[in-house]
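I've put the structures underneath this note.
Each of the two complexes below includes chain A, the first together with chain B, the second together with chain C.
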Partner chain A sequence: MPKIDFNDAKGVVSTAGSGWLRNGVEISASAGQLDRYTLTGKITGLNSGGEHVYVPVPATGTLVAVYSSVSGDPGAITLIRVHNAAGSSLGDITIANASSAGDVDMLLALSSAVTAGTYLRAISDNGATNAVDAYITFVIER
Partner chain B sequence: MPKMNVIPSKGLVQSPGSGFLIDGATVASSAQSLDQLILTTVLLNVSSVSETFVVTPHAGTLTAVYSSLGGAIAAGDATLTVKVGGSSAGTITIANVGSAAGDVDSLTGLSTAVTQASAIEVETNGGSTNAVSVNLTFVIER
Partner chain C sequence: MPKVDINDSKGLYETPGSGLYRNGVEISSTASELDSLYLCADILDISSAANDCFVPCPVDGTLVAAYATNSGGTPGATATFTIQVGGTGTSTLVFASGDVSGTVKSDTTLDMSVTAGQSISLDNDGGASGARRLNVVFVVEHTT
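Presenting the complex of A and B:
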């Protein structure tokens, strides 16, 4: 099992072992991981009507996942709806009542094209009764 | 044109075709994309003279900044000044006429060096009215 090192001084070097390296340092990321980038935003006050965040998209790709983390118990079930720049809903993240600060919820297996120079939007359905916030992470694959 | 596939069990395998693969999965990103680092932050009120900062974890070149408006502004345009090391790298003008939540503006074609653990600043001149946020996305090439 060769180990492949793309080495500036030596070119492609194959030695015993496995994996691939850049100048002797192993790159453990998969192809999918290398193709990904993340964007973040914050929705302030999930209990306020229509609170949302718009995050600008710098590179065209495919939105594959969205994660949220709450700052505390929302007091009631709360939905975070994800929209693309065309206004289409890409799905909802459900934040359970009695969630604790830091609880993570997610929307996975997405396959929605996004374009550089547009935005991604996440908006609360105002279901919360407590003034807590949600931190949103979008995962985009180029 | 060979297809270059880095397979842990076999090393670097070339076969007819094209592309760069890791363990059979294509890496779609260009070298430039793989070199990119995406950072985000938010300016809480674009209509009030204020600033926000984001720290760069790697040295590189700031190549683009995108903004996305959280709601309509009025009375005047808002000008965002992007500063690196205290010097202006350029401005983004957010027009107030016809503005709406989600409006994306950008400053592209930059070639501004940033150093590791330094802050990029974005300052608004507060030229508009309406207390709305602006989300910002920065593209840095390593």
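Presenting the complex of A and C:
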């Protein structure tokens, strides 16, 4: 059960324990977490027809999840549809009626290729009756 | 061409092949990708030159790329955005009058030093004739 430290002064140091360290500080992230990055955009006015956000993709990878955080009660069920650059729907995030500010909804287990220099898009179905917003975070694995 | 796995059970474990692994799972990212962070910002209405966007940079590093995409329709006229660090910079992202929503412009040749606490920004010339939106992602590589 060695602990491996990539150490500028000592080189690769193996000692008792476990984990991966860099200059004595543990890198806790897993391989998948190290490969992931996030992009965030905001949809303004979920009650307005076709409100959306486009976010440019800076690194090629696979879209694995999308999260939404709403700014208040939408007043009705609201769907956030996620599209890739080809215009294909990747699924909907459902924001429940009577959601509170900060409630997080998500679309998990996605596996959709994305290419640097293209975009991801999230669009409201205009279900909300209140003028609330949502931040959308896309999780991409390189 | 060893495959190197930093493995909690076995230590630094080399087998034939290639790649860097953590507990048997490949780390696909390059070194520069592992060093990168992505800062997102937007301009809700690009038709006014008063509407710029500023995002604080939380680390010391180098701004190496910027990507932007428009939405809400075509700009209606040429719209130019100057990439700046701490208010200085000359590289631009230029959208043409007829660029449809989802057009992505980028500059991947940037080499601009940035310090933690400085702002990275897009200076908007307000050239667009329509109240369109722009989302931008800045790519910063850490430096030690």
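Methods note: the second predicted complex is superposed on the first by the 142 of 142 C-alpha atoms of A that agree within 3 Å, B and C clash if a C-alpha of one lies under 4 Å from a C-alpha of the other, contacts with A are read in each partner's own complex, and residues count from 1 in each chain.
As a convention for this text, a contact is a pair of C-beta atoms (placed from the backbone, for glycine too) under 8 Å apart; a residue touches a chain by one contact, two chains touch by 3 or more.
In this text, all values refer to a predicted model and were calculated from it rather than measured experimentally.
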{"item": "Simultaneous placement of chain C and chain B on chain A, clash or fit", "value": "clash"}
{"item": "First, second, both or neither for A:Thr38, with chain B first and chain C second", "value": "both"}
{"item": "First, second, both or neither for A:Val55, with chain B first and chain C second", "value": "both"}
{"item": "Partner chain(s) touched by A:Ser14 [first = chain B, second = chain C, both, neither]", "value": "both"}
{"item": "First (chain B), second (chain C), both or neither touched by A:Ala113", "value": "neither"}
{"item": "Common interface positions of chain A, toward chain B and toward chain C", "value": "1-2, 4, 12, 14, 18-20, 30-32, 34-35, 37-42, 52-59, 85, 117-119, 121, 141-142"}
{"item": "Parts of chain B lying in touch with chain A, wherever the complex brings them together", "value": "6, 8-12, 21-23, 25-29, 33-34, 36, 38, 40, 42, 64, 66-70, 101-102, 104, 106, 133, 135-137, 139"}
{"item": "In the complex, chain A residues that touch chain C", "value": "1-2, 4, 12, 14, 18-20, 30-32, 34-35, 37-42, 44, 52-59, 85, 116-119, 121, 141-142"}
{"item": "Partner chain A, residues of chain C touching it in the complex", "value": "6, 8-12, 21-23, 25-29, 33-34, 36-38, 40, 42, 44, 65, 67-71, 101-102, 104, 106, 133, 135-137, 139"}
{"item": "Contacting residues of chain A [partner chain B, same complex]", "value": "1-4, 12, 14, 18-20, 30-32, 34-35, 37-42, 52-59, 85, 117-119, 121, 141-142"}
